[in-house]
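Labels for the chains are A, B and C, by order of writing; each one numbers its residues from 1.
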Amino acid sequence: MGFAARIGLQRTTLVTYAVLVLILLSLPLYASRAHVFLAGKALTMAIFALGFNLILGYLGMVSFGHAAYYAVGAYTAGLLITRLSIKSFEIVLLSSVATAALVAGVIGFLCVRHTRIYFALLTLAFAQMIYAFLLKEYSITRGSEGIAGISKPEILGVALDYGNNYYYFLLLMFIASLVILKIIVNSPFGKTLQAIRENAVRSEFVGVSVPRYRWIAFVLSGMFSGLGGALFAPLNMHVSPELAYWTFSGEIVFITILGGHGIFEGPALGAFAFEFLKYFALGLTIYWLIIVGSVLIVIVLLFPKGIAGTLGDLVGKRWSK
Amino acid sequence: MYTCTYFLITAGLSLIFGVLGILNCAHGSLYMLGAYAAVTLVRLSGPSPILQFLSLVVAGLSIGLVGMLLERLQLRFIYQRQDTYQLLLTYGWVLVFDDVVKLLWGLYPEAATGPYKLMGSSSIFGMPYPNYNFIIMIGSASVALLLFVLLFKTWLGRVIRATSLNRELASAVGVNVNRIYTYTFALGAVLAGFGGALIIPSTAASVGMGTDVLVEAFAIVAIGGLGSLKGAFVGSLTVGLLRSFGIAAFPEIETALLYLITASVLLIRPWGLFGKRLT
Amino acid sequence: MIVLKTEQLKKHFGEVRAVDGVDLSVDKGSLTAIVGPNGAGKTTLINLISGLLMPDSGKVLFLDRDITKLPIHARARLGIGRCFQIVNLYEGLTVFDNIRIPLISSKGIGGNMISSLDAKRSVTEEAHEILGRFGLLERKNMIARDLPHGDKKILDIAVAYALNPAMLLLDEPTSGVSTFEKTKVMELTRGLIKGKGITALVVEHDMDVVSSYSDKIVVLHQGKVLAEGPPKEVMENHQVRSVFLGVEK
């Protein structure tokens, strides 16, 4: 079996991927610095969204507090780089992801036995606690100022603050995340998650310990959120407590639905669409929120399947993963 | 004092959830709109104290109109959909209203201190206490009383309560559920808007007030029980006390404390202190 | 050999004594039917055995193990499969996936995050085999929701069967099924369980079905066992007849 089939892709899809990757790869050649920065931000959000969709699209649970794990990842990275002057990105990334996993592990353990509105409220409450912590613990987190001057470290000896290296690294991490998540989603574990989404009760009767699977998926999504945040910190060079505020959690839900939560690549598409929408709207007027908010309203009312989902319908594909 | 405004807001939120089953993310934004609307109306009404106080009431009512529009034009299409979509739609409103406010009133906090100054202050335990705060308390208490009368003594109130308990049954006995939904949402909006209107003489209306209030309102409603007015009251009382004393006693964890309590309640008794048990 | 045993199982809901001291004993490979008028406690009993409810007192023993306190999924892993009176499928997924999911669970590969499910030949082959036995193979890619009702019931049984259980609990397998299809469902079920030596505990209302297919009948009435034994014997029992048919002595 070829590599493509092993990770569940058809040949045409692989070609489409290749084309898109080439476009993204060549971006720094013809785009402005601002656009490259934007694409970089979109890549971190795409990683966040793809991980988030593991519990939204595949498990069917809405967390309204996922920004917390992104923030934890971002702050861990920020602190390690500025306070402990750690130059090795390998260590920074691993630590940030591990910290995010730990936090998600604890919070997830408490939340996964609850569903729907209660799950949303619980995750929200915990995220707000983290926000409060980031805001108040001035000694560690510098409160509302956030942590500034986060420089780009090295990875495997390559200096990432040189030229467009950081952007290429982001692209690499995005592709890696995409592949890893694709493998997870097409595995027996992934199918079991879908089973839990479709019928949690029957799944119990079929021998699946539903809370346990939910917890594992929650931790995994927390890890990718943390990765996204950790990658964002040196890109933005500054992190602040707003990264954990509930409106940012709402944003990731928006992005995931915007792109289409029923199709694997949807959320990544949503991330890019959102960042460019924001940029475009800001260019038109300072009241860009009205535009973004209206787009969300239109999507919710008219195109609930998101961009990828609606396109998929048009192309006649089945609503499946 | 906090208790009163929080009660108005959370009562509205609880009502909307209890009857429509929707957790309205934009509730804080309605509160904010009420505040800004009040600012404009108070300024317009000139020096007359009666008009000024009247503007506060009118501001609250106008938000009810906004609520009605939102429900009729958008919300009603997503009742059948999953929870995610209701959260997202109302979240979309948050984004839009945040900018609408900036558009209409600018970026800076706006105050309308007229009624506040009018009332002057009295001395309590030797410390000056603004009399306006009494107005807030009286205002909220009267609204609460009106709400109570509406819900428990009038025909409309009975219908609303019936619909919240069993939608299908209500519809089967001839209740126009759609209309009840609209009215309830509008009522919730009025409560939020009035809450916002009441406070602007003493506190300025600002752009972030909607999102800040919302997450606290969620916390209160979660603690008290989604859909329960008694719970909204108890929750608001708790938070009000927490706010007043917490800032003095433990400033560092005061913000986090609220959410800690919320999480604890949700973990132990998901339906809150007074909510209905959902199996 | 006794596969399932309950000892003085009791479950009360306030004043209602749904199950009031039931002693049950089920032999390996047999098809035992649980019958009784509405409210006799049949479904509560099944819920107690499968783990949906915890008893107020009494024990449930499966393969000589005390499973009284075990959660549902643990009992399923031990080998208790359950089908539902109201069809309880993965409606949004394909027929193929509906069968693959219990197979994943029974093979213990639910934790596998790195292999491609589609590439797992054993899962695919066994799924095909099971679907074939239940007559659903040609429709394997159909969304479960779109199946006709009778086939949904069959799929419901197939999902429990795919778990490779030692014991199958069937809750009214022929309810809502047309007379013609009833025979189909029961023949299929009986053939499969006899073929694999699976023990079956069937809650049923249709006495014709029960008398034709079961090895043993247990009659429940007001939470207690009224009578038990081979079909012929039980059907002739006076108490049973009066409870069911209002026939006086």
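FYI, a contact is a pair of C-beta atoms (placed from the backbone, for glycine too) under 8 Å apart; a residue touches a chain by one contact, two chains touch by 3 or more.
Computed from a predicted model, the values in this text were never measured in an experiment.
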With chain centres set to the mean of the C-alpha atoms, which chain is at the far end from chain A? C
Central chain of the complex, centres being mean CA coordinates: A
I'd like to verify one number: the distance from the centre of chain B to the centre of chain C, where each centre is the average of its C-alpha atoms, in whole angstrom. 51
Can you work out the whole-Å distance between the CA centroids of chain A and chain C? 43
For chain A and chain B, what's the span in angstrom between their mean Cα positions? 33
Can you tell me which residues of chain B touch two or more of the remaining chains? none
Residues of chain A touching chain C in the complex: 1, 5-8, 183-184, 186-192, 194-195, 198-199, 201-210, 213, 320
Residue numbers of chain B touching chain A in their complex, please. 23, 25, 74, 77-78, 81, 83-85, 87-89, 91-100, 102-103, 211, 214-215, 218-219, 222, 226, 252-253, 255-256, 259-260, 262-263, 266-267, 270
Given the complex with chain B, which residues does chain A contribute to the contact? 56, 62, 64, 110, 114, 116-118, 120-122, 124-126, 128-129, 132-133, 135-137, 245-247, 250, 253-254, 257, 286-290, 292-294, 296-297, 300-301, 304
Of all residues in chain C, those that touch chain A in their complex: 50, 71-74, 76-77, 81-82, 84, 88-94, 97, 100-102, 104-106, 109-120, 123, 159-160, 163
